[in-house]
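Naming follows writing order (A, B and C), and every chain is counted from residue 1.
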Amino acid sequence: MKMFSLKKFYNLAFISICVIAFILAMIPLAWILIEVIIRGISALSIELLINTANPPGIPGGGIANYIQGTIILVGLASLIGFPVGLLLGIFLSEYKEHKLAPYVRFFVEVFAEFPAIVIGIFIYVILVRGDIFKLFGVEKVCIGGFCIGATGFAAIAGAISLALLMIPIVAKSVEESLSLVPISIKEAALSLGMSRWKSVFIISISYARSGILLAYILALSRIAGEAAPLLLTVLGSFYWFTGLFDRIGALPLAIFTYGISPFEDLKAQAWAASLLLILAILILNIGLKIIIKRKFAW
Amino acid sequence: MRLIDEGLQRLNSKIIRMANLSRETVELAVNAYLKNEKLTDKIFHNSETLRVLQDEVSEIAVELIARYQPVASDLRYIKSCMEIAYGFSRFGRYAYDIMQVLEVFGDLSVCDHTNIIKASEIVHKMIDLSIEAFINRDLEKSLLVEKMDDEVDNIYESYIANLVKEKYKDLKCAVSATLILRYLERIADHASYIAEAVLYIVKGERRPRK
Amino acid sequence: MDIILSVKNLNAWYGEKQALFDVSIDIPRYHITAIIGPSGCGKTTFLRCLNRLHELGQGNKVKGEVYFYGRNFKGNIYDPNVDPTEIRKHMGMVFQKPNPFPMLSVYDNVAIGLKINGIKDKKKIDEIVMNSLKKAYLLDEVKDSLNKSGASLSGGQQQRLCIARAIAYNPEILLMDEPTSALDPIATSKIEQLLVELKKEFTIIIVTHNMQQAARISDYTAFMYLGKLIEFAPTEELFETPKHELTEKYITGKFG
């Protein structure tokens, strides 16, 4: 009788500890969410979403250009980051026996852990200041009519730094998705007379397509909120997008700059921007996941 | 022990029972004939028993085939059992036929039974040998049996040839002896089929048909 | 006997472990040859050497010659100048567990073999797909669900789909690795009937651990044990009067 109630007590105690731990962990998260939602909603208005930023000190103005900036940067970054990450992921998963495989894997693993700010500094030095060109003793490199040199703070540099962040995330997820393709499927493809690369690109990719798309979404939501590399590569801007080699604004930058500014209306705008960012990430992760599961899963 | 082994045991005991009964029946019939005794009822009873046993062998064989899909030596054994069982039941039938001759022709004690005695001795030996060969899968004994079949054939054929050439003394004796020798020749044939089956069971070969 | 495949001294390894020892056999064209033997005897390894699938495994090795007398290929498939991918186009393979591509429709499962081989004409593809499904005794059952996923069919139907997929681009040899061992008896019997029908157009080599299946459908049977070929004979002969004592012991169930 005593043993029985002792066991019950331990059971209850353990469960209680778990619940308490969960609540403790959830409190800050819930607090942040609540704060962002409350302060963000009160600052949100149509003007905010339509107007571009005003120079500091002048009331009115909105965050429209930052929204545009984030979309452009993230879009550009994924143009580079997704294909490269995909190919790396395919290589890691399907060509394990290749000589270079261990080096590539090491590379990807290290890069995945790189602090974002370090990538920012890297791009700052190489592209923004142009040290890579100085290294080769040229001011710019021209191919056909297209020339590239030290960019200064530029959208392209920001996009590249975000892409570098994106690549290892995509690569690792793609590798994981592909590793779930059963050997029986691969063998079926090979026995039909498909060459190795065809069986990878036509069959394996197709089988793992929902996993690969989800990998992409994961990476997108990660880089959408990165401020550190952008600080060092695009610096920020109050204006609409003017060119790849010009500065550009972005939501995380706005949150940072406005958040530490002394102006109350700008601080409010920072909350609104935060809310937008969180909403965007939530929509991406939950909404698109549902869509992908419906359309691409089999 | 495989599952089929129990069934094969049953089949084997039935065959051995048939072997013993049919050998006994042939001996009884021939001796009774030579002594002019009418053992018709007993012989008939035995012959019917052998028919029933043959059906039972057939049933067991079919059951084993349906249930166990036997192959190789098992299959050959089962097939041979079906054929041999027919042979044993024929022994019983011919034994009965021999008794029938006595019934129909009545007293035959005046006849010269020398040929019949000679043939029947060989036939008894053949039956014994073929059953031994089957039980022990003895290829040498089975070869012996097939040679002895020729001897019985000769006795029969030369008796007929003589009968045609010379005049017979007594119609009753001539006809009855012909019939008995005919039955003995058929019994000998079946005994040699039984001996042949041994080769088929052991090696899967058949003697080329003459 | 018209020989389509002549195997000479085939040896195969999984790393250090040897699985096939000097296997030599001549496979007759347009007949069903069954390969039987206890687990681990090398029959699946042998089959996978015929379409050069075995060598794809890490550390796997093959030595020996396999002469293929095909319509468009005549020679040793293990010749160093031969592209294994080409060889596999002459041989279709069906596996133990049905493996249709679940991310493709029933129609596309059959069509993909054609598309990757350069057939682009839609009408032609359609014709061949329908024909293959018909030959595989599957068309009637799927004609209203051609766009459904390949994995939405029952086990027996999936396997017939795999057969349709394998025969679509007209290989000369069908390699079947225990194709019915994962199926119920009715599905099994449908496929067995199908195979007997298919041998009019294809040479079929079927690995099976079910001796009765080999006895039912094959014209020739090969018995393998511990990586060696023990006996190869017409099926009625092997099952009525096997020449080798090991064969006799295995098929009568005295070991196995």
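The working rule: a contact is a pair of C-beta atoms (placed from the backbone, for glycine too) under 8 Å apart; a residue touches a chain by one contact, two chains touch by 3 or more.
Here the structure is a predicted model, which is why all the values come from computation and not from measurement.
Using mean Cα coordinates as chain centres, the one most removed from subunit A is B.
More C-beta pairs touch across the A-C interface than across any other pair of chains. With centres taken as mean CA coordinates, the chain nearest to the overall protein centre is C. Each chain gets one centre point, the mean of its Cα atoms, and the points for subunit B and subunit C are 52 Å apart. Annotation: 96 Å between the Cα-based centres of subunit A and subunit B. Averaging Cα coordinates per chain places subunit A and subunit C 48 Å apart. Touching subunit C in their complex are the following residues of subunit B: 2, 4, 69-76, 203-205.
Residue ranges on subunit A touching subunit C, taken from their complex, read 97, 182, 184-185, 187-195, 198, 202-203, 206-207, 209, 298.
Residue ranges of subunit C in contact with subunit B, taken from their complex: 211-212, 215, 239-242, 247-248, 251-254. Residues of subunit C touching subunit A in their complex: 51, 53, 56, 58, 85-86, 88-89, 91-93, 95, 97, 99-104, 112-113, 116-117, 149, 151, 162, 165-166, 169, 175.
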